[in-house]
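Take a look at the structure set out below.
As written, the chain order gives the labels A, B, C, D, E and F, with residue 1 at the start of each chain.
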């Protein structure tokens, strides 16, 4: 399952008020995360990279959180992703994502990801 | 080796005129592409994603090319990367990267990547 | 009137301390929102789209709020704008803007926009 | 019909090699361009704005071209869109889009759009 | 000294857990802020501009703060930087940065920067 | 004089067809490049940085060219700007701008800028 679509606060509203938009969101998630050769975890790591390079705090946090909770992604793996972000998107994006990651890891529920 | 730094037209000039900048570029590449747990190929796929989501044609072409030539990355793998780009960065970025990929694949030298 | 310029916290300071910058801001707003053929409301919807695709939470909230309060823009209209954002800028931007929109709509003053 | 998906060079390849990705592209286009209250032309103008604010030359050209050819969008309308781009995304994006627009309008087939 | 690297919450963790990444961050800062002809203050003003045009609130705040505290950069200088941001990146980026600047200046410790 | 507005191919059309837009462009340029404390050359260097971090090739080339021709900006100064771009926006932006700079410097008319 690729349930990240349910993590967002707005999505339950979209499901109720605009079912066609909800459906395309699920369809989009399912198709994009169903690689022919890369596994879901690798694709999730890629999504974390794109979000860290381009998006707001909330999206980064949501992606990291669902990656660690659903897929058991480890801190070392996310840091290896963020190495590429440092190289390709600059230090402010790297620094922001590092701060978000370590903040998340204060949660005892994620202790196994360290 | 992570030699992508040499693919760019400007870099030989930097090497000659600004050796400190050349050195940091190499150091940055080496450190960022030396993951503790992810292998170089996975990190390269992540770099392709970040570039496809954010950069100009030349950077995307250069990353895909060095990935296919140096690391034997296959078309299917890049398409799986671009699935995540479609989801996280929108259709224009996806469409552009797809066009660049198929243009590159017209080169007979890359036939083994299909 | 295209008074959005007054919604920002920093602008009263600019008006007082840098009157030339304040004047160009007002002039820019006036000229850009005075379409020859598109009406102000359509241009405002376009501004919401560009902000949702590229800007921070505050700018998105401010644009949506002034659009709903000043121009009576409805939720359905903003959602139709965000459909295009989903297509052209990806799901994280869409999701963020949806969350901001529904959060704003909790305000009873905006009940007529639903 | 919202056929812009066929304008891109890479898409015929995607249709043949990755039918699931082709299908989601069409589905995404159809859903996002089927507004409840805004008409297709307004949504297309919004897409031009987002692309002008964020994308590469090719995407901007493609959007403007299909808008003028399929929907009879006029130069004045695109300029009104670009006014908002000037305000919300800065002068370099505005200048680039203006240059692309006037270059396109040299094509006699688009004379009716002036 | 170019100590901004220590301002970020995540960096002490990086120093402890990933010393190679910490080292490259310091090396990158040192090399990039050691201009041959431009002084550090001018380079810092440039960094404020790039961050204001592209980054999140935290990075903008951090850059402005370290610029004012370490280098005695004045409000008028930052406003002159933000003039260029208004021109090259649009009004929402300008407005956001202005709000952050004036918020920072409420701190009595920065009174000398006004 | 801050005549860069005339360098763009689209601008003569805007001057003729949309005089209000032309006027605001000139007004915007004049106001933004008239710093209270920073000189025009420093502001131009900042504009080069923002464009290198965010814009397309044409805008970067245009800014560098007008900076070198109008203001006698030297290669070393632009490289010092691009150091900050490497740090704050990542290596692909840096590499692209370096390639554009050295390509421009092949023009014998710019020999004095080296």
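To be clear about the criterion, a contact is a pair of C-beta atoms (placed from the backbone, for glycine too) under 8 Å apart; a residue touches a chain by one contact, two chains touch by 3 or more.
Only a predicted model underlies this, so the values are computations on that prediction, with no experimental measurement involved.
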{"item": "Chain of greatest Cα-centre distance to chain B", "value": "C"}
{"item": "Counterpart interface for A-C, drawn from D-F, A-F or B-E and sharing over half of its contact pairs", "value": "D-F"}
{"item": "C-E compared against D-E, more contacting pairs", "value": "C-E"}
{"item": "Chain whose mean Cα position lies farthest from chain E", "value": "D"}
{"item": "Inter-centroid spacing, chain F versus chain B (mean Cα positions, whole Å)", "value": "27"}
{"item": "Centroid distance [mean C-alpha coordinates] between chain C and chain B, Å", "value": "36"}
{"item": "For chain D, residues that touch 2 or more chains besides their own", "value": "18, 21, 24, 28-29, 31-32, 34, 36, 51, 55-56, 79, 83, 86-89, 91-93"}
{"item": "Partner chain F, residues of chain E touching it in the complex", "value": "28-29, 31-38, 42-43, 45-47, 49-51, 53-55, 74, 76-77, 79-81, 83-89"}
{"item": "Residue numbers on chain B that touch chain D, as the complex places them", "value": "56-57, 75, 79, 83, 86, 91-96, 98-103"}
{"item": "Sites on chain B touched by chain C in the complex", "value": "86-93"}
{"item": "Contacting residues of chain B [partner chain F, same complex]", "value": "8-11, 13-14, 17-18, 21, 24-25, 28-29, 51, 54-56, 58-59"}
{"item": "Touching residues on chain E, where the partner in the complex is chain B", "value": "18, 20-21, 23-24, 27-28, 31-32, 34, 36"}
